[in-house]
Amino acid sequence: MELAGLKQLIAALGEARTTLYQKDFLLTWKQTEGDLKAVLLAAEILEEMYRHNLSTRVFHAGLAVSNFRDKSTRTRFSFASAASLLGLTHQDLDESKSQVSHGETVRETANMISFVTEVLGIRDDLFVGYGHEYMKEVSESVEQGYQDGVLPQRPCVVNLQCDRDHPTQSMADLLHLQKTFGGLANLKGKKLAMTWAFSPSYGKPLSVPQGIITLMTRFGMHVTLAHPEGYDLLPECLEAAQRHAKTSGGSFTKVHSMAEAFAGADIVYPKSWAPLSLMEKRTALLKAGEGAKVEALEKEGLAENARHTDWECTEKLMTATRDGKALYMHCLPADISSISCREGEVAASVFDRYRNATYHEAEHKLYVIAAMILLTRFEHPAKILGELVQKPTPRRLA
Amino acid sequence: MELAGLKQLIAALGEARTTLYQKDFLLTWKQTEGDLKAVLLAAEILEEMYRHNLSTRVFHAGLAVSNFRDKSTRTRFSFASAASLLGLTHQDLDESKSQVSHGETVRETANMISFVTEVLGIRDDLFVGYGHEYMKEVSESVEQGYQDGVLPQRPCVVNLQCDRDHPTQSMADLLHLQKTFGGLANLKGKKLAMTWAFSPSYGKPLSVPQGIITLMTRFGMHVTLAHPEGYDLLPECLEAAQRHAKTSGGSFTKVHSMAEAFAGADIVYPKSWAPLSLMEKRTALLKAGEGAKVEALEKEGLAENARHTDWECTEKLMTATRDGKALYMHCLPADISSISCREGEVAASVFDRYRNATYHEAEHKLYVIAAMILLTRFEHPAKILGELVQKPTPRRLA
Amino acid sequence: MELAGLKQLIAALGEARTTLYQKDFLLTWKQTEGDLKAVLLAAEILEEMYRHNLSTRVFHAGLAVSNFRDKSTRTRFSFASAASLLGLTHQDLDESKSQVSHGETVRETANMISFVTEVLGIRDDLFVGYGHEYMKEVSESVEQGYQDGVLPQRPCVVNLQCDRDHPTQSMADLLHLQKTFGGLANLKGKKLAMTWAFSPSYGKPLSVPQGIITLMTRFGMHVTLAHPEGYDLLPECLEAAQRHAKTSGGSFTKVHSMAEAFAGADIVYPKSWAPLSLMEKRTALLKAGEGAKVEALEKEGLAENARHTDWECTEKLMTATRDGKALYMHCLPADISSISCREGEVAASVFDRYRNATYHEAEHKLYVIAAMILLTRFEHPAKILGELVQKPTPRRLA
């Protein structure tokens, strides 16, 4: 993109109407369409500025705090990268090294780590019914702290994956679709198949499929959700998808066959997740301190999974998509048959053809996170970005 | 505070006489009154500069190394925040990931991690008789390394809590008192009750009460220490408190009842700690490799604690303080009865009334740490701060 | 050094011919002599700039990622220090906290962590036959990602110790020799004894002696390798040392006695390592999942070591070196007899005399790493450094 194009994007961001300033980014379905479009715009601008070797340092001090309550590679690095690009110091709240477990309340910890903090990024996706609640509690704590004058600024809370949504992933996916199909408007009428796929591992969160069906239905897409019996998603998300489709002129359909979902699809997103009922049982067992029974439950889950090894994104299934050329998407890491496991989510040859596309998809996440920080923390982000482009500092000397 | 007030504070710092340059901050009772006042001043200045959106970046590269030999949330984040504000890169020396255990001497490690390091922050509070000694060894090592030309600069060692003192806490507490009562001079004659309180947990360090009684007696306060039999503090600290009180015109009294200490108090600081004799036995057992016996000792300690559940900061006790309105203080996290435990250090309603005050108290710690770094690492800190205010860089773009 | 001398070094770097731009630094014997000399020059320049309080911040954002698959103190801090000096944000890839183990390929992870990354520093020295291969795989992955347009820049891979070489150590050692003997030219004809030494610990990598014999033979030195039977180094390294000696006019000799190696030596480098055959057996057992047998093997290794406690760098041995004053070198931590163990690699009095020298030796490593990043990531490093000296920013305010 030429510099002129970049300036146009910044001008467009200046026109955008968002409700994000001094707020959080927790669930896409709680954000306005203006918010979502502004995040996409800001992410694109930051990505272009990086490629033009323009510094995007809007902070000269301050913390970006992450709190990963589950493993992570790409989101961890995306968050750290976003912090580096904006000039924040990344600090991880490792609960095993802290006194969090010793009777400290969420409210207290949230304030204690936020005196010079601009963003709190949280991953809490292991327990159905808890992750989002935890983030809300953190959000209310820092809001209260800010209102009470305890915190000199109000850090935003960015959901890095909860039990309900994975907004930095789904927004990166949306940016990927926008770039692939030449604009948001072109997504209208496109058919997307969000389907379950077999994995030899257990307990993958539901937040990715939930994030996809709720977000893509807002842009006029025809979204088909396919999964074996028992692998339902949260009712709240199904209802939101239904509602969004109605409003946007798209559609939302549920089927129980991969082939049916793939037929004529422009985009396919085959990805494993755990049975909701098992996740709920597991959460209950862990809460009740019956950890010993979790192992038995895990075996049950794997056995259930094993009944559906035929849910694999094969070359044959791909030929049934639009012109046999649907865009394959994945949040990574994918279980690639005969590569990362014997039988998995996707055939090696299919994945290989789309490997670079999935890497581009992943790259957007760091800019989406940076965009969320920018829009929640600055009242006039377009003005600031405009000045950084007018009087540029090189990101690296040349 | 107006900008003019900030400039006055910087002018006052320029007049301050300190011995801190090229030194450490290990124990408040080894520092001059000028040192302590300069730390308070610099902390206040840095805090004001933050609120005026003024960058306090005095370093453009270099490390701030922390070494936590015990768990920590707020001190860990305070240290990282101070590093970020001053422009240093925080790096944690995680001994489990290092070769420290493999025959490396303290002297060697201290030098190896300090080639571009400006500050070494250490928490070592688990073993009576060892934490302070370790810090002194680190300090002597880097001093020697600097004298020998091995280190191009002499990093300061900042005590982030040892077996004797917790100076970043007590100095933050003093700043909190200064702000609450409108100046250091106003602390003269005020009555402070530093009392033991019941906690269902075991082994809390003695360094907070020791830090409080030794520091507050220097400013003309009437300090009363109260604890059950057996919960004595280190004799060295009791003597220092006695000596300080005599010099400053304050007083230092020991009683064995919470009610007696609270009566007429302007400030109360009810906080649990472990019996000294048990801590000493525990240290000896661990040194002797008799870890198995530690568990029995722990049970003994908890049983001893349990005899004193009536040592709780209740509403009733609070009514006996000056006008029933003494300032409640705590280093956090507090054991709040019926919130973080069944019976604890403080009644929920009391804590709730002072919650925001304790959060402000905690906030000062990061600025106290930054002030200690600034004063030990720069010969003319007031000149540098003055220039940062004259030709300001915004901390965040606006 | 005066500023004029620094400018001369920068001018010399401007004349240097290197092949490093857009490449990696994995094995010294794969790099040209021009590359090696440029690294030494750049390291010296960066070290001088530090001492002149000149900022060397060439990046204003971006990551420096480390991946330590073995414990480390000094290399970890060297890497973090280099990142801080150049302006990069250090981020550690802790495989236990990532999803790397869950079927993610090396290629994928390498790309996922590299979207804004300038350097990947890797330590992988535990398994003979694997460390270097892993680094090559990472290198090929990011090269491919860059060629495919997935990565906007091509991060360099810096070997922080593999099974074959430890180039940041050996180059730091070479810089130490250059400074000690007044120039690279003066190393010609000097006699260096690289000898095994007894250690009560087991499994130390072979990469240090391999790095030393292959590198020092390139500069006309007479290198003698001494070790007990069974402690052979990799044939590839012995051949490279032989070849280098022939080309440079130096020599490479193998003996089986410490005394023979020390006789008349200008430099001695007594250091323990594991028997190659045991390391190979250990690797095979671990690969085969027979971890239980590793313990037995370890006992075998320690018993074998124990037969050679007489391989200690004593005062008596030192007297046989050139004028009794050979330079003692060590990569640290050394096993110091009666200090860090009962019997070890070196007598306490010998080590003590050279302690500061070994600390200086260690200091160079951080500048060597920074130099490797600079030369691989910038096409015209001398131009950039020249500008940083012409229009200086102070590293710390003054």
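Lettered A, B and C in written order, each chain numbered from 1.
In this section, a residue touches a chain if its C-beta (ideal position, glycine included) is under 8 Å from a C-beta of that chain, and two chains touch if they have at least 3 such contacts.
Bear in mind that the values here come from a model prediction, so they are computed numbers and not experimental data.
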item: Each chain counted as touching chain A and chain C at once; value: B
item: Chain C against chain B, contact positions shared by both copies (same if over half, else different); value: different
item: Chain B and chain C: spacing of chain centres that average the CA atoms, whole Å; value: 40
item: Residues of chain C touching at least two other chains; value: none
item: Touching residues (chain side chain B, partner chain A) in the complex; value: 50-51, 55-57, 68, 71-74, 76-78, 80-81, 83-85, 87, 90, 201, 332-333, 335-336, 339-341, 344, 356, 359-360, 362-363, 366, 393-398
item: Complex interface listing, chain B residues touching chain C; value: 58-63, 65, 88-89, 91, 93, 97-100, 102-105, 108-109, 111-113, 115-118, 145, 148-150, 152, 377-378, 384, 387-388
